[in-house]
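In the two assemblies presented below, subunit A is common to both, partnered first by subunit B and then by subunit C.
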Partner chain A sequence: MTSTAIPEGTDWAALLARTSFIELSARARAAALLDDGTARELCGPFDRIESPWLEPQGVVPESDDGVVVVKGELGGRPAVVIAIEQAFQGGGIGEVSGVKIAATLSLAARDNRDGTPTVAVLLLETGGVRLQEANLGLATVAEVCSALLELRALQPVVGVIAGALGCFGGMSIAAGLCTRLIMTRESRLGLDGPQVIESEAGIAEFDASDHTLIWSVDGGTQRTGTALADALVLDDVTAVRSAVIDAVGHGVPGRHRSQRIDELRALLEAVDPADPPEPADLAAVWANAVPPRGDRR
Partner chain B sequence: MASTAAAPRDWTRRRTAKRERLEAVRPFASGRVLDAGRMRDALQALLRPGDRVALEGDNQKQADFLAEALAGCDPNVVHDLHLLISSISLREHLDVFERGVARRLDFAYAGPQSVRVAQMLADDKIEVGAIHTYVELYARMFVDLTPDVALLCAEQADHEGNLYTGPNTEDTPTIAEAAAFRDGVVLAQVNELVDRVPRVDIPGDWVDLVVESPRPFVLEPLFTRDPRQIGQVEILMAMLALRGIYERHGVTALNHGIGFDTAAIELILPTYGEELGLRGKICRHWTLNPHPTLIPAIESGWVESVHCFGGEPGTERYVAARPDVFFIGGDGSLRSNRVLCQLAGQYAVDMFIGSSLQIDACANSSTVTEGRLSGFGGAPNMGHDPHGRRHASPAWLSLLGGEAPALRGRKLVVQITQTFRSGGTPAFVESLDAIQVGKDAGMPIPPIMIYGDDVSHVVTEEGVAYLYRAGSLAERREAVAAVAGATPVGRDLDERRVEELRRDGLVALPEDLKVDVRRADRSLLAARSIEDLIAWSGGLYDPPAQFRTW
Partner chain C sequence: MSRGLNWTRALADGDVGAVSPSVITADATLGDDTARLVAVVPDPKSPYHRARKGEVGLREGLSLAEAVTEAVTEDARLPDDRRRPIVAVVDVPSQAYGRIEELLGIHHALAVAVDAYASARTAGHPVITLIVGTALSGGFLAHGAQANQILALNDPGVMIHAMHKEAAAKVTLRTVDQLDELARRIPPLSYDVTDWAKLGLCDELLDVENAADPTGEDVRKAKDALTAAVGRARSGPRDLGNRLTSPGARQTRTASRRIREALAAQWK
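Right after this comes the complex of A and B.
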């Protein structure tokens, strides 16, 4: 696994020759991850399951509602990839797209119980719940999380955030529940997006135009450096696919990150919100923040 | 013998005034160096009511420390100034008027302050002499608008007053010359006072006073476009432009306006252009700021020379490492010059291509939108056919016109735009917003950016209109309509008429140009992100923080 995405002394020609993962559409990304010739889309655009809520609000709907579900094999194992299309409504999750994700995860769990050990990969390029379908979208995110919890007890659920759009809002909770999380250095992960924080708490709290600040907090390098994500990869189809196969190979852990409450609490306690550490120092601060032994379960 | 001899005239009043001004400012200076802590007092000593003051606000760099000091002057002491500002970019530029320090304004461009300019004009807070193009304003500094005082901006100065501008030379030498040689006072803010400047951009004997600014001057990266934001439609238009104009007319020397449309063209040269075998045949000589999106074309051997209006933050190391292409000083850094580059753009290049916000049925084009008085900048200088040109080139001759024996070629002036802009606003309109804005501001003529009769081609996602081939105004309007899509200008044109226009060579659709619309895809971009541009530059391009997404 690469620890830095673009190190010094980079082979620039090789970098330019790579096939960018995030440049692909959601459908092409899902197919690119799966073993050649195994991809089969479920509930595709020709099933014409569209959001009924967009057109009345002046938004042209899409026939897959921005979520692409593809079954196939990953390194020879049964797998399903759920890819969010960031070009449609900023990857926003609505009633239909949310249910597609939740139902896919539930069905994968059922397959597992029925003897087909299916893993799931979530491609999470999303700003969160779609504003036009706020309440319904929120409800489906809860269903997504619930189905994810059901599946991850049986097989790994791997999250990938590859693009600069990032993964924010309700879907960032799903990201946090994933067995393992893979990011690029351009990608971002956060509960509230920078603009939301700035408009709610003021520019002094978070300046949404300050790229250096944003990526130093939400960026893939920081999130993997502080162990809130697991692998930092180059935006390259081959690199992402190997990282996903590698993540699946780790299997189901004894405790998921989101279950290690004691450790996460220790991390929170190691930071004084009134005098927060510099983002660059956070990894070092957290490295020393081990929970008291007696608290471990 | 009585003769009526005129009373002896004093021929050195400006020189005397200059001497008195410098004398008045002496308590605030040590040699040529002013005390930055007492800048306001120094200006109050230097300036006289009614003075004509050139305040350097260029397209890119800003004499912001001096602007702030000027805005802070006591209007009882300094008032009724006449300011010459090429680009009104800072709040302070207008605070000067709000506070009554200045009264009259001659300018060229007011991009970021365009709403406030319109408002202050309506409130009678500013008396505008005229809105110019860049070169016009500088030209007038040598005719009827010579500054009494020039407030300039440079990177470094030495104690003899020699100025080093770094890559953003821009307008400084021109304004300095206008003031220095007619007894104006030249005062420059610099980022740093040094013992020896690495290169003399403005000689010390043109410069009377310098002051070390407490912070570096403001410099915006206006010419950087992130390739991630280029979509299929821009790429399709770039393909149409390349085949329908660059290739067809053999355009070797050119200027690109700023925007995603032209950035897309720059980025498909090494891919689509290469495939068409056009390297070495087109796009060899440029008058252009160091656009980061030109890096792939430079690196793949398309570009022989680039002369720049100004610099661009982040490109310094890259540009310095390509001295065969760019104009580089003995110190190893770029030397730009807006006036000379504008001159080159008028007389030495064969084509200007730029994005428009609004185009009317006659192809008049404008970037003025309601409620904004944004001025002209340099686009009209580049976007016209200069009748003073006499040297021929294949591209220029390919637009041969005029009545024999007075035959002449013509510069290609190309406007490129999608038929609808974001939010579904039509780019083709019955009447430009500029017409109303001009009326509201009491301008003597409407602020049209590029006149329709100068526009030789219009490119949209529908195709290319060859307006220079139109035999009449009616035909020109039809050719515009044929590429105007479903906008009010385009939707009523008869299909059969479009067929005739295609046959007569006034309009070309993608299939006429053998452009495969299905190939208009981001995979045609030589660089699809800022990181790709860094990679193309071999790590020499160093993008400003706001363009980093990592």
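Right after this comes the complex of A and C.
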């Protein structure tokens, strides 16, 4: 949790009645998003396709390599959910888990070319490249980005970041490529995690023990407020599922966020790097530079 | 002087232009094509103080996307097999690690660059990467990793990795010596370019006389290799599928190939 303060306007009834999404396992999260009775896991633990690189390093591999792929229906539409299990190696992406994501996205794109309009949902709880598989993890993240773009041109690819681990490293780039991105206020999104920045650049650059600072920069409220994510939801199974169905319903936009190069230029030009705004003021600075788009929410 | 700047100047037909102080472009004749070279170079005066040594930061992500998209827009009316090659000359120490970078969403700036390179590739532009120095982590993902073909100099100063050695040791709770020892047995962990080349991601390793400041012969050799890579890119797939069918991948990425086949078999 970022702080003990409860925001004004909190819906207490919903808060107390909720079923936490992030406290479920990756497998249960994927199943919970899909329509009842439609979920079917592909390449599950009994297929035993593990990372070949962990055991020689004294790390116990897992039989699904920390990524769960479940096909089914979402609001009656063909869908595939790809869920990263943050409890295994911090959601780090290795050779097998990375190819699992990339190949699934490519198969969904192939479905679309063959006339089945399969959409994809990515549950992005990950620290990025799994350093025990270094260069192969990095290579597969590039493959994930490529396959995501291939599918995104045909059907929505919706990203969800629900937990406090957040989405960092190379996978934050994949998050930036998603058609729409859904976050909770507990979740985080950034390229470099606070510890990495503090270790590379010193505590004056980023104090990794300052949780208020971290969430003011990387947190779900800030990312949705500055339009780097699209919807802020309660950590609740029903709320997340509704937001995902809503995001899919928006279809494929004319220009995706990562295609709006002119807007990125305007956003960067609106900020003086020598005198940046406080995180809380950034949304207003940017709304002035690039007027909010009607279809964003 | 940086390797990226030296190689871009050496390969260029004429003047080197700048999209921004840290992202340069030039044209280079490769066989019958005029390729667009793109490189990230140090800008010691950058207002972004964490992006002064050639790191890929906010402005670099934006400028890379602008440079690549400009070539794509200009060639949009050409038949897709005639669109010009785009060559990423890569020498990037990393992404920029900084507070303002995170505040302004560096992940988004890098996604914009990744999108531009991948879009160029799928539009038929041969996208070729020539690694002349370091190619690290998010910097490499944004500048180089989306190419149809990846070439690298066979030189100790060339290093491709997910994280620099000291930080990787710290994050994985090892010493640098332990990491070196593991890297001898586990190819994806190695910082040696010849080990990286065995992972199936490298289309050619080039031996040159002077990797830091190329000789005329080095330039001729690199241009021949780039021209051949353009030919392979035009006749090959427009996705990254060739990285799993390469001879190196057949040796090293058996798990990748297995999971991909199993998923396809269970998909229906």
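We adopt the following convention: the second predicted complex is superposed on the first by the 276 of 297 C-alpha atoms of A that agree within 3 Å, B and C clash if a C-alpha of one lies under 4 Å from a C-alpha of the other, contacts with A are read in each partner's own complex, and residues count from 1 in each chain.
Note that contacts are C-beta pairs under 8 Å (C-beta built on N, C-alpha and C of every residue); 3 or more make two chains touch, one makes a residue touch a chain.
What you are looking at is a predicted structure, and each value in this text was computed from that prediction instead of being measured.
Trainee: Which holds for A:149: it touches subunit B only (first), subunit C only (second), both, or neither?
Mentor: It touches subunit C, and subunit B stays clear.
Trainee: Figure out whether A:134 sits in contact with subunit B (first) or subunit C (second), or with both, or with neither.
Mentor: After superposition on chain A, A:134 lies in contact with subunit C alone.
Trainee: Taking the superposition as given, does A:23 touch the first partner, subunit B, the second, subunit C, both, or neither?
Mentor: Once the two structures are laid over each other on A, A:23 reaches subunit B alone.
Trainee: Could you figure out whether subunit B or subunit C reaches more residues of subunit A?
Mentor: On the superposition, C touches more of the residues of subunit A.
Trainee: Based on the superposed arrangement, let me know which partner A:281 touches: subunit B (first), subunit C (second), both, or neither?
Mentor: neither
Trainee: Return first, second, both or neither, reflecting whether A:55 touches subunit B, subunit C, both chains, or no partner chain.
Mentor: neither
Trainee: What is the contact status of A:211 with respect to subunit B (first) and subunit C (second): first, second, both, or neither?
Mentor: first
Trainee: If you lay the two complexes on top of each other, which residues of subunit A touch subunit B in one and subunit C in the other?
Mentor: none
Trainee: Quick check: in the complex, which residue numbers of subunit A touch subunit C?
Mentor: It comes out as residues 42-43, 47, 49-53, 56-57, 69, 71, 95-96, 99-100, 103-104, 106-107, 129, 131-143, 145-147, 149-150, 169-170, 172-177, 189-192, 196-197, 199-201, 205-206, 217-218, 223, 226, 228, 256-261, 264-265, 267-268, 271-274, 276, 279, 282.
Trainee: Flag every residue of subunit A that touches subunit B in the complex, lowest number first.
Mentor: Against subunit B, subunit A makes touches at 5-6, 10, 12, 15-16, 20, 23, 164, 185-186, 209-212, 215, 219-221.
Trainee: Considering only the defined contacts, which subunit C positions touch subunit A in the complex?
Mentor: The contact residues of subunit C facing subunit A are 47-50, 58-59, 61-62, 65-66, 69, 95, 97-112, 114-116, 118-119, 122, 137-138, 140-142, 145-146, 160-163, 167-168, 170-172, 182, 185-190, 196, 199, 201, 239-240, 243-244, 253-256, 258-260, 262-264, 266-267.
Trainee: Name, in rising order, each residue of subunit B that touches subunit A in their complex.
Mentor: 228, 522-523, 527-529, 531-532, 535-536, 538-539, 545-550
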